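Encoded as structure tokens, here's the structure I'll be asking about.
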Amino acid sequence: MHRVLVIHGPNLNLLGKRETDIYGTLTLEEINTAVRAKGLEYGMQVETYQSNHEGDIVEKIHAAEGDAEVIIVNPGAFTHYSIAIRDAMASVQVPSIEVHLSNIYAREELRHKSVTAPAAVGQISGFGVGSYLAALTAADHILKLAKGTWRP
Amino acid sequence: MHRVLVIHGPNLNLLGKRETDIYGTLTLEEINTAVRAKGLEYGMQVETYQSNHEGDIVEKIHAAEGDAEVIIVNPGAFTHYSIAIRDAMASVQVPSIEVHLSNIYAREELRHKSVTAPAAVGQISGFGVGSYLAALTAADHILKLAKGTWRP
Amino acid sequence: MHRVLVIHGPNLNLLGKRETDIYGTLTLEEINTAVRAKGLEYGMQVETYQSNHEGDIVEKIHAAEGDAEVIIVNPGAFTHYSIAIRDAMASVQVPSIEVHLSNIYAREELRHKSVTAPAAVGQISGFGVGSYLAALTAADHILKLAKGTWRP
Amino acid sequence: MHRVLVIHGPNLNLLGKRETDIYGTLTLEEINTAVRAKGLEYGMQVETYQSNHEGDIVEKIHAAEGDAEVIIVNPGAFTHYSIAIRDAMASVQVPSIEVHLSNIYAREELRHKSVTAPAAVGQISGFGVGSYLAALTAADHILKLAKGTWRP
Amino acid sequence: MHRVLVIHGPNLNLLGKRETDIYGTLTLEEINTAVRAKGLEYGMQVETYQSNHEGDIVEKIHAAEGDAEVIIVNPGAFTHYSIAIRDAMASVQVPSIEVHLSNIYAREELRHKSVTAPAAVGQISGFGVGSYLAALTAADHILKLAKGTWRP
Amino acid sequence: MHRVLVIHGPNLNLLGKRETDIYGTLTLEEINTAVRAKGLEYGMQVETYQSNHEGDIVEKIHAAEGDAEVIIVNPGAFTHYSIAIRDAMASVQVPSIEVHLSNIYAREELRHKSVTAPAAVGQISGFGVGSYLAALTAADHILKLAKGTWRP
Amino acid sequence: MHRVLVIHGPNLNLLGKRETDIYGTLTLEEINTAVRAKGLEYGMQVETYQSNHEGDIVEKIHAAEGDAEVIIVNPGAFTHYSIAIRDAMASVQVPSIEVHLSNIYAREELRHKSVTAPAAVGQISGFGVGSYLAALTAADHILKLAKGTWRP
Amino acid sequence: MHRVLVIHGPNLNLLGKRETDIYGTLTLEEINTAVRAKGLEYGMQVETYQSNHEGDIVEKIHAAEGDAEVIIVNPGAFTHYSIAIRDAMASVQVPSIEVHLSNIYAREELRHKSVTAPAAVGQISGFGVGSYLAALTAADHILKLAKGTWRP
Amino acid sequence: MHRVLVIHGPNLNLLGKRETDIYGTLTLEEINTAVRAKGLEYGMQVETYQSNHEGDIVEKIHAAEGDAEVIIVNPGAFTHYSIAIRDAMASVQVPSIEVHLSNIYAREELRHKSVTAPAAVGQISGFGVGSYLAALTAADHILKLAKGTWRP
Amino acid sequence: MHRVLVIHGPNLNLLGKRETDIYGTLTLEEINTAVRAKGLEYGMQVETYQSNHEGDIVEKIHAAEGDAEVIIVNPGAFTHYSIAIRDAMASVQVPSIEVHLSNIYAREELRHKSVTAPAAVGQISGFGVGSYLAALTAADHILKLAKGTWRP
Amino acid sequence: MHRVLVIHGPNLNLLGKRETDIYGTLTLEEINTAVRAKGLEYGMQVETYQSNHEGDIVEKIHAAEGDAEVIIVNPGAFTHYSIAIRDAMASVQVPSIEVHLSNIYAREELRHKSVTAPAAVGQISGFGVGSYLAALTAADHILKLAKGTWRP
Amino acid sequence: MHRVLVIHGPNLNLLGKRETDIYGTLTLEEINTAVRAKGLEYGMQVETYQSNHEGDIVEKIHAAEGDAEVIIVNPGAFTHYSIAIRDAMASVQVPSIEVHLSNIYAREELRHKSVTAPAAVGQISGFGVGSYLAALTAADHILKLAKGTWRP
């Protein structure tokens, strides 16, 4: 089994209760359940983690070194200013995938800029829980490339 | 079978031959083959199309109305200035997914801005052919939501 | 009869079908009919033309030299970046009038800037088909001034 | 008869005497005469008003409520900074049309931006007195739409 | 009795009639009544004044010197460009409080910047008539501090 | 009794000891005492909270849901970059009021921009402890409006 | 005798009473007296005028046509945004000289930009009443050049 | 014989007829003749091509691979926004030289920026047909360096 | 013995393991050992502290008041956005010295701006562990100046 | 006799020969003669100096300390970037007056900004040799103020 | 023989020794030799000059008046800020050609802007010594045009 | 003995006499004495040099090649615009250290940007003469690293 770590950033613990026009009505636990189930199909054991604390997310990323093979991270509001999380992503060997529930490019100006994305392999935004599911597909691709088992 | 249209923008016909450090060594045909194969797993018939002409892409999008259920579009260089393509995406009922082979946020400043993304459901970048595969997962999610068959 | 050329830019072929809250429910053919009828009142024979291709619009403008006396052009999305169309407008002797269906100054930031307007005699925006009708009035004025028949 | 109010902003009282290369040789009274005559053709009684005082223009717009059916306003220099006039235009039910004698997009940088235009139905610039005449055509269109008598 | 002057800027005379989704349904006179009543509770005699003329507001501020102990000013649209009013506020000894009915930071970009605020003691925005009431509390605090009668 | 939560952001625990020319000589406890006393006059039970940790403030706001009726928050330095706190304010049903001791518009450029203000009902700045007192007046107004007991 | 018109903009009526660290302790009348006296030495009859109303200044400039030979104008706060005054200066044949008491380039950012200066012959700032006196020297030079009596 | 491809962008087909104060009176065919003649002196067979279509230019550059040894390209208006042409230049092995008839740095602001130049070996602007002739000298140098036959 | 506090910001706990091309191969403990040893030569007892939590660093700075005589702080990623740390540095009496291992001006644009530096006595960047050693020299100078024992 | 130093910056040695439409037909020596003559009227002995070398101008300003009572400096092109000259002006006790022959605010964008002006007492621009003459009037005013002999 | 002056700016004396990956391995003397030899082929006597002093380059340009027929100038670092050199180029009758060894548009942002180019006839960059050789071709063209001996 | 070159930029010859609130009361000679003395402790022979001429500093840096092992440079005002000095620093093999007496990040906006710093190993600012002393420590570290004698 591949080990995949999913990190949810600030305010995502309120999912399904807050601004449902933007973020949808699924709760975080429902998302986690869906992601874990889909992960199993890919042969991945998915650990999920949520924090509203920038420092805790930095340290969770540090701890992933040697523990997870891919990090899927939704930095939430931190996307737009946390260079600390960007540096954490860059300082571990584990590849990371940035995801967003909403299409950040279709929202307010201040959400268009991601300071964390340059440190990720890639970014997926706009598909709700589908962003996480697509991230699993991307993770599967990354893992196959790393093992040399991918074929066109 | 769901019908999915994949559109590749300018210069992508040279894939695998040009700047392989950025875009990888797969040719466009190899990518199309992989996408078609993966699409079948999702019950999707994938049509692929490439053009170096902005106007042709605009009209291909127009023609998708009533013909395709999802458009996956890699606008290539047009991403950064073609408001015509953005408007085409917004003017049809078919949902579109924007993809990029490379992580555009980790490249030159002029590639950070997407004028087309606000008209897409979402955007996926940075995973090479994996961006297209993840887009199929996202398309599958969109289609299930539309049919009301998705369950967390 | 004066000869007037009306050029419609990209996506305008979908008028009446797309984003009707912004662009109204008239189809392009209905607009053309209204413009041709109104033109006759001013003693003008109106030719209409639509293209989604920047290069075709450039060449249509070139061809107007010696053929039309006024060009009425709605560059659509090209308004905001096509310096090629701007240069085409500047490189022929035929005066051009820029029109827009919607009030571009009341929309997204990226639609506020017109790169083509400085090459036109003037610009009319925001009145739906009325923008074209007002353009005919302006064209009538331009033609009378050119002939020296205008009186306050 | 429809009632239409035409408002001319600061320095326009000097028309025909000042910077005639930019604004032409017609005096304000000649423009008013032409506009009133043309208005009659459309079944409009045109009242004209000029002021160099921002506050007076604000209050003239307020007073138009219940008195005029369309306001045609050339805010002159106020175009570029008078948010007060913009707010006045937005706070009455009477639709307004912004006009300019010169093509403001072909002049100095500081004249490219209109803060008032977003509160107008639309904007017409660059045709000299023809801008006012075209505005009457637009006003005629607005009035017909309001009455439901317009036909393509 | 302390003397407090309340100044309302341009277009505020239309309150309750215009854009009620933004500014509410209270008329200016109802606001004045509420402010006067609340002022009496604080031992303040409140004079109210409205003008659409920048120059009149400048001179009303000048005249407050030696006449009022606090100025509460809602500069309306002038907030965003009238350096003349800012200088007037700075050139009298009377402390001023800037108020806004709506939350200017949650509106269009051009309303985010206040050129007058740096010349005020402070600014209150977003509470409708409550902004004026809160300003009275702030004025009460300023007056007590000035008299040395405030205790934590 | 209405329940009101007052949140003080980073470095405010040093109030009265630091930069007293900007922030005054009152300690945080003196401010809390004054606010609690004034709150009682409005029939409000005021809870106060201070933290230097962005994540703790985010979670304190989350916890206010169903516990407080109004949040008065002085985000301190977080005002200028914590989109996480902005999102927290937007994700709960409890209305929040942003306060600042100093007039942030009269200080260094980097303090002019509030990223949190758009998620608040309104903002009050510049009156020292008076900003909190005025916020209580605003809170009282919000509560009366919510109950429908406010009369002009 | 040459006729010279001196125009003082908003808030200058408070000179000598307001912000004396910036503007000095001379009153406006003392400045006028000094300027009139110095003007006589140059064979100039100096008329002085002060207004806090932009529109009045615009009209005073209009009225100078055919009445004054040089206008010396201190637009005060209007310097930074009144395009109406700039246009007035440009629309009369009388040359104008812009003066400022303080060195506007050594003050706040928003005072560095003069929108009126491009319409003046030149600008003098920073010398207190000396700015007006130097303007008389410049006016003398302009008049001699116009008459062709200047010799190096 | 070395093979050199010369590409002329949009509107250049009108050379000698349009804006002759900027672009001179030579027609495109006269320029082509001069360039072919001069090329022969350098042992180069020069093919010339003009298009108003961005996509055609992209594909002409693609086709040059294995066919031409140097591309001399005057992208015309495309210089300022066509990232597609820039990418085409970067995606073939053939070195390209960017030329302009006029000095783009001495014209309007929007012509100062070249998005294509970074993908060229170098850029030559301002010498009319001389820009093309100088480009042949530069091409000659590039070819000699490639063959190792250049000597200082 | 003088007491000096050294604070290391986020991700610095990974030193010597991460991005060694930028940050070098020394571990944080090796840096601390070197700094402590060098400190003793200057008669300084050096305490070292590392945290990935902004709030903890703020509070460590607060706690230094009355405990340390100089703070040497490497804010890491917080350098570029943590106004909270800047305010903490400004709110204690202890002088602080900002250090960086790498030359932040030779890296990505977003690392060029330090929001914390204005609150420090000075800044040292680019010398690896040498930045800390140089900071001790600067600290020694600051302490001698404070005691009045420095001689040129 | 008062001692006044006049410094002319780069390229001013070519005056009267270069760009006479901008700078006039007077030679530098004719200007110097006029300034010296006018200076005598004010009881000033005027020394003139021209250099094309930034460093020489810096040192000429240094040398003026204790030698001249006022410096009149036309920094020419250095106005727009020489912080070294600005610092030299700020580092001597002698007050300086910045002059320009042309109205720099009516020329190209890059000439609008003066980096030296903040270090001068004031600035005079646009009057040709009249700028220098007006500067003498300003210098006379400065000297009288310094001696306390100025009367309104 | 035509006289051509070649000016090399700061640091170019180190050519061939410094940053050879950017500037190549040719020494300045080798470049001069190549340029002189090539010049002879065009019937030009080439004088070369290098200086690290802005003022010396300004004066060398002045001295070229009446001495050289064309100036070829590589302003080096001065390209990006020396308005003094730009003005010198504009103030002599001799046409100048700006050259750069490297493609300045493919380097750091601060090298993209040329303040000197608008004063040159044209600019050539990116071809190493080939830039100078191409400049000779351009110079030859300029001279032929001036003599009227050029034929298409 | 290691050879170290210390370069002081423009206006630093006036140290101790000018703006002593910013730069302190030490003269340049006192600083040089302190630096030489401290250098001896590190086994360094320190040569000092001051110039107000950019070109001279460029050439002094060139001459350091093969003569000094480290350059300590305080470019003064040149820090903010002299790309020539930056290029000189980059074009020699000798490592350079940039120092500033004052904390440039706590001063006017135009002093925040260093164009020279990217070419230095690192930068030290804000400690007065202590900046130079700390630079010696950094130089010592650089030399030990180069010799391989440094131990943590």
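As written, the chain order gives the labels A, B, C, D, E, F, G, H, I, J, K and L, with residue 1 at the start of each chain.
We take it that contacts are C-beta pairs under 8 Å (C-beta built on N, C-alpha and C of every residue); 3 or more make two chains touch, one makes a residue touch a chain.
The structure presented is a predicted model; accordingly, all values stated were derived computationally and were not measured.
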Kindly list the shared contact partners of chain D and chain G, in label order. E
Least hop count linking chain I to chain L through chains in contact: 1
Interface repeat test, D-G vs I-L, B-H or G-J, passes over-half contact pair overlap for B-H
Do chain B and chain H, two copies of one chain sequence, contact each other through the same residue numbers, with over half in common, or through different ones? different
CA centre of chain C versus CA centre of chain K: separation in Å? 46
What is the distance, in whole Å, between the centres of chain E and chain F, each centre taken as the mean of its C-alpha atoms? 21
Averaged over CA atoms, how far is the centre of chain J from the centre of chain K? Could you give it in whole Å? 33
Distance between chain F and chain K based on Cα centroids, please, to the nearest Å. 63
Chain E touches at least 2 other chains through residues 53-56, 81
Strictly by the criterion at the top, what is the full list of touching chain pairs? A-B, A-F, A-I, B-C, B-H, C-D, C-H, D-E, D-G, E-F, E-G, F-I, G-J, H-K, I-L, J-K, J-L, K-L
Residues of chain J touching chain K in their complex? 9-11, 13-14, 17-19, 51-56, 76-78, 80-81, 110-111
Which residues, counting only chain H, touch chain K once they are in their complex? 26, 30-31, 33-34, 103, 105-106, 114, 117-118, 120-131, 133-138, 141-142, 145, 152
For chain E, which residues are in contact with chain G within the complex? 53-56, 58-59, 62, 81-84, 86-88, 90-92, 115
